[in-house]
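One structure, pasted below without further comment.
Lettered A, B, C and D in written order, each chain numbered from 1.
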Amino acid sequence: MLTGGGDCPGLNAVLRAVVRSAEDSYGANVVGFRHGWRGVVESDSVELTTVATKGLLNAGGTVLGTSRYHPSDHDGAVDAILDTIARDRIGALLVVGGDGTLAAAQPLMARGVPIIGIPKTIDNDVRLTDRSVGFDTALLIATEAIDRVHTTAESHDRVMVVEVMGHRAGWLALCAGIAGGAHFILTPEDPFDIGEVAAALRHRHRRVSSSIVVVAEGAQATPGTLDFVPAESPMGQITAGAIGERVRSELTARTGFDTRLVVLGHVQRGGSPTPTDRLLATRFGVAAVEAVLEGKSGLMTALVDDQVCLVPLDEATAGIRPAPEDLRRLARMLTG
Amino acid sequence: MLTGGGDCPGLNAVLRAVVRSAEDSYGANVVGFRHGWRGVVESDSVELTTVATKGLLNAGGTVLGTSRYHPSDHDGAVDAILDTIARDRIGALLVVGGDGTLAAAQPLMARGVPIIGIPKTIDNDVRLTDRSVGFDTALLIATEAIDRVHTTAESHDRVMVVEVMGHRAGWLALCAGIAGGAHFILTPEDPFDIGEVAAALRHRHRRVSSSIVVVAEGAQATPGTLDFVPAESPMGQITAGAIGERVRSELTARTGFDTRLVVLGHVQRGGSPTPTDRLLATRFGVAAVEAVLEGKSGLMTALVDDQVCLVPLDEATAGIRPAPEDLRRLARMLTG
Amino acid sequence: MLTGGGDCPGLNAVLRAVVRSAEDSYGANVVGFRHGWRGVVESDSVELTTVATKGLLNAGGTVLGTSRYHPSDHDGAVDAILDTIARDRIGALLVVGGDGTLAAAQPLMARGVPIIGIPKTIDNDVRLTDRSVGFDTALLIATEAIDRVHTTAESHDRVMVVEVMGHRAGWLALCAGIAGGAHFILTPEDPFDIGEVAAALRHRHRRVSSSIVVVAEGAQATPGTLDFVPAESPMGQITAGAIGERVRSELTARTGFDTRLVVLGHVQRGGSPTPTDRLLATRFGVAAVEAVLEGKSGLMTALVDDQVCLVPLDEATAGIRPAPEDLRRLARMLTG
Amino acid sequence: MLTGGGDCPGLNAVLRAVVRSAEDSYGANVVGFRHGWRGVVESDSVELTTVATKGLLNAGGTVLGTSRYHPSDHDGAVDAILDTIARDRIGALLVVGGDGTLAAAQPLMARGVPIIGIPKTIDNDVRLTDRSVGFDTALLIATEAIDRVHTTAESHDRVMVVEVMGHRAGWLALCAGIAGGAHFILTPEDPFDIGEVAAALRHRHRRVSSSIVVVAEGAQATPGTLDFVPAESPMGQITAGAIGERVRSELTARTGFDTRLVVLGHVQRGGSPTPTDRLLATRFGVAAVEAVLEGKSGLMTALVDDQVCLVPLDEATAGIRPAPEDLRRLARMLTG
C-alpha cells in the first residue's frame, strides 16, 4: 500500500485498519511503500505488522510518508513500478490518495496490476463518495478557528477574512462557514463579485459592527470583477493566502472597515483525526483489504448512503465533486 | 417549537436555524415553549427572534429548557395543548426530540395540529434517519475519554471498563469503541456472555497487559449468564454505572486483573456541538421551517444518503433503530 | 529513573527531558525502571535513549509503567534495590512521583544512594513546590467537564454534583470549580455541613433553577453532620463516587431538587499534557539531571516564584500541601 | 472599568469577577466604558451587573469592546476623560490592558483620578507580574498548532516555519516552541544569524528529514545578517507573516529543503480561555476591586510567587519584560 498527495488526518488509521484486518482476519502480509508513488518506483518499502501499527489510530499524518510524485511525469516510472511489483511479489496495490494520486493507478491497471483505491482529501472533492478521509477533521479545525476569530472581530469591530483550504471545491468553506456562523462564504463553485460583497458588507454594518468572511483558497471572482489569477505551482497547488489577501485589501478599500486576514494553512491538515474520520478510515481500510482478497481491482472504497461500498476507480477520478446546490443554497440563506 | 427529552449538543443550533430561516427568509414568527411538552400544556412560552438567538450556534443545551414530560401521562394534557395552540394562534408545532418526545405528537396530529419533527438523540437510534442531532458530539466526547483512559490502562497494566450512553442501541459504544481502539465492546444489540468476555480477556493478556472494555449503558447479557436486571426509572431511564460496575466486578472476579470503571455519564450530553452537529442541526431546522410553510405535517426531517429529506413521523417513531450488522461486524473483527 | 504512584499527564515529558538533557548535553546514560519501585527491586529496566523517547513530549501516561508498590511494605525490598543499583552501576536515582513515591526514597538515601525527586500529582499537594506535573492538565479536563455539565443543568433545571479528584487537598476542586463557575465547592480543607449546603441551595433556587456542586473525592463533612466514612483501600486510595453519591442523595432528600452525579474519575489522569505541564515536566527533568551530575542528593525539583529550584526532599515529603487560604476565600466569595 | 489594546481570552472573565465581587461582596456599582480609552473620552458606557455578566467566564474577547486608542495621541482627550469621570461620578478607574493601555493611566493619576491596572497580553511581557491574562490560552492554541504541523512536516519531509505572536518578547515562541518540541526557536531577545540557522538545519537533516522552526513575529536578525526591517504600523503593530516569510524564503534558498510557512495570527487571541487564565482573570478582578475599595491607586494587580499582589503601575509600565535567561537557555539545550 501507499499514501500519496497532501497529508491529512486519518491516513495512519487507514494503514492500521489495513494491516489489522489483513493480518489478523485473513493472514495476509502488508508492505508499505514510502513517500507515495515514488516509493514504488524506487522500491522503498517497509513491512507493516499489527505490532508496528500500534498507536496509529489517533496519530495524525502518515508514517509511510507521502509526496506529490506522479509516475506519469517521469519517464520509465511505470516500468519501474511493474519491476517492483514483480520482484516484491506484490499481489495488489492499495492506494490511499486524492484524485491525483488515484488517477495515477490507471496506466498500471492497464498493465494488469490489481489496484484498490481509498479516497482521502480534506477538500472532500473525490467523486462518487459522500466523504473522503480527512475532511471531518479539517472541518473541526477550521470551525474552531472561525469560533476563535469571532471574539476578536466583535471585540475590535473588525471584518475578519478567514482563508480555508479548498482548491477546486468549496466543501470546507461552506461547511465550516455555516457551522462557524460566517457572514459571507466565497467558494470556487459560485464566483463572487467583490463589489457586491463589499456592498452587502456595508449594508450589514449599518446594524452590526463585525463580520466574518470565509474564503476558500480556490474561490473564484466573477470574470472581469477582480483582477486576480491565483499562481499555481507545477504540482497544481496554489499559494496560501493569495486570494485571502486580495479579498481583504479590496474590502478594506471599498468599505473602509478595519479588515484583517487569517490564513489557516497547513494547520488544517495536521493532528489527531476526529472519531468520524477514524471510523471512516477504518471502514475503508477493511473494505479495501476484503476487495483485494476477493480478487477485485479498479475499484475505490466509497461512502454512499452511510454504507461503505466499492465504486469504479476510473469514474471516481474522472473529475472532482463540487459542493452540491443544497449546501450552497443553505449558505446563501444564512449569510449576506 | 419545543425541545423535549434529554438535552444534547445542537438543540440551540436547531433553534437558531429555525428562527433565522423563518424570520429572515420567510417573515414568519417563532414562539418557543419552555421545558418540552410541559410548556405547551402550561402555555409557558417565549418569543424567539434572530437577535435573541445570537450566539446559540455553538452553545450546548437548549435555552428553551427541556423535560421528559409526556402528555399521554397526564389527564387533560392534550386538551390543554389544543387550547394553547388555539389561543396563541400557533400555525404548526415544530418538535425537536428523540423517539419519545416525537411519538407524543401522534394524538395531536389526530386532532388536526400540523406537526413537523426534528430528531435529536445522542443514542442515534431514531428510525429512518442516518443521523440525529447530538450524536456526533457525544461520539467526540466519548472517544476523547477513551483516548485518555488508554494511557492510564497502559501505565498501570489495568483493564479499564468505560460505560457510555446507549440505552436500547449501541451506536455510541460501537463508534466510540472502534474509533477509540477498544478491545471489547458490549452493546444492547449483541448480548454478551461474561464468561466468554473474561476468557477472551485472559487470552489477550498472555501477550499484552492492558485492555479497554466499552460498555453501553443498556448492554445486555445472554440470558442466564449474568444475574443482572437494570433498574429502569418510571421515565424509562436506566441507572448510570449499573451495568458498568457489574461488568467490572465480574471481570475482576473471573480474571484477577486490576479492573477499573469509568462512567462518562452526563458529560456526554453537554458542551459545544461539533461542526457536523451544528451543520445537521442547521439543515434540519431550515428544512422543518420550509415544511411547515409548505403546509406539510406528520413528517420528520431526516438525513438519508447525505441529503436532508422528510419521512413519515409515525413510522420514524414506531420503534428504534439498532446499530446495523456491518458496524457490529467491524467491531467483532477489530476487537476480542 | 522511575515513575511511581498514580499515572498522570506529563510523566513521559519528564522522561524525554531527562534523556535528552542527559544524553545530548552531558553524554550521560539513562536507564528506566519499570512499574515504579517494583522495577528497581526486581531489576526490571530498559535503556532510555533520545531515539526511544521520540514522540513522548505530548503522549499521556508513562512508557515505563507505574505502580503503587512501596519498598517499606515488603521485606528485603531495600536490600534488593541496593543490589540492583550496585549491579547495574546506577550513579543516582531520579524518582518521579507524588509524596508517597518520593517518601520511599528516604531509607535509600540513608544507605548512601544519591536521589533526586521530581513531584507529580494531579492533586497538586506536594509540599514546597507551587506546581506538580499533571495538575494543569487535570485542571483543564475537569473544567471542560464542568463547562459541559452546565448546559445539562440549565436545560433540565437540575443540580449537578461533579466529583473531581483530590484526596487530601482541594486544589483541583477549587481551581476547576472557580474556573468552571461552580456554585458550591466542597473540599478536604473546609469541612462542610450538608444541612447548610442544602439550605444555601434552596435559597439560591428562589431566583435560579440550576446549580453545579463540585466535590473533591476527599471532601470532609463537619463531624456529626453527615454519617460518612470514605472507605480507603490498603493503598490509601478512596472509592471514586462515594462522597459524590452521598452528597447527591442528601441534597435530593433535603431539597427535593432533581440532583444528578457525574464522577470524572480516571479520565482526569489521561491524555496529552497541556503545554504548561509539558514545560514544567521539561524544566524539572533538565534540572534533575543537572542536580545529579553536580553530585547533589536528597533534593526535589520545585517551582517557586516561577523559577525551578531544588528543595529538601525530606521536608517536601513530610506532609501534604493544602490549598491556601486566599484560594479558599476566593471560592467562598464567588459561590454559595 | 475599560478593556484596551489587542483583545485576548480572559477579558470577559476579568469583567465578570469585577462585577460579581463589587456587587455581591461590597455593594458597589460598576460601569463599563466601551472600546477602551475612547469610551471614556466619548462617555460611551454601559452599566455592568451580575445578571449582565452571566456566561462571560468562559467567553472569549470582551463584551465592552476594545481599541488601541491612546489619549495622549488626541488633543483634549485627558480633559474629556476628566469630564466623563466627574459627570458620571466615577470613583476610580479600573484599566485592563497591556503596557500601552496601562501607561495611558499616568497623566490621569497626575490629575487625581484613582486608577488600578490589570495586566493582559498574550505576549506575557508586562513587567512585575509573572503572568498576564491571555498568555496561557495563547500558549495552548499555539502549541496545539505546532503539534498539528509536526505530522505534516514528518509526512512530507518538510521544514515548517510557524510564526507566533510576540512583538518585543519571545515568551510565547519559547514556551510554545519547547512545549511543542520545536527544533529552532527565534525570538526578539536573542538575535539570530540566518546563516547559522541554515547551517544547523542542514546538519540536523543528515539524520532526520523534517524540522519545526518557531519564529516570534518580532524576532530579530543579528545586524548585518538579514536584510529585514519589519514594517510597524502607526499603532506599533507589525505585519503578520513578514518575518516568517523572510525566514522561510531564506531557509529555502540556503538549504534547498521544502520549507513552508504557517502564520497563526489572530487565532491566538480568540476563543474560550483556559482554566488557568479564567482563574488568573478572576483573582485579578477581585483584587482590583478590593484595592479600589481600600482607596488605593497607581497600582497594578500582579502574580508574584503564585500570589496575587499589587505593584506600582508606573514601574510596571516603564518598559517590557523579556523572557528570562533560564527559559532561553532551556530552549538552546533542547533545540538546534
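In this text, a contact is a pair of C-beta atoms (placed from the backbone, for glycine too) under 8 Å apart; a residue touches a chain by one contact, two chains touch by 3 or more.
Only a predicted model underlies this, so the values are computations on that prediction, with no experimental measurement involved.
Student: Show which chains lie in contact with subunit A and also with subunit D.
Tutor: Chains that touch both subunit A and subunit D, as defined above, do not exist here.
Student: Based only on mean CA positions, could you tell me how far subunit A sits from subunit B in angstrom?
Tutor: 30
Student: With centres defined as the mean C-alpha position, give me the subunit A-subunit C separation in Å.
Tutor: 41
Student: Please work out the Cα centroid separation of subunit C and subunit D, and write it as a whole number of Å.
Tutor: Those two chain centres are 30 Å apart.
Student: Could you tell me which residues belong to subunit B and also touch two or more other chains?
Tutor: Answer for subunit B, listing residues that touch two or more other chains: 147.
Student: Strictly by the criterion at the top, what is the full list of touching chain pairs?
Tutor: Chain-chain contacts present: A-B, A-D, B-C, C-D.
Student: For subunit A, which residues are in contact with subunit B within the complex?
Tutor: 17, 20-21, 24-25, 57-58, 130, 136, 139-140, 142-143, 147, 175-176, 178-181, 272, 274-276, 278-279, 282-283, 286, 304-308, 326, 330, 333-334
Student: Could you list, by residue number, the parts of subunit D that touch subunit A in their complex?
Tutor: Going through subunit D, the ones touching subunit A are 3, 6-7, 9, 11, 35, 59-62, 65-67, 141, 144-145, 147-152, 154-157, 160, 240-241, 260-267, 269-271.
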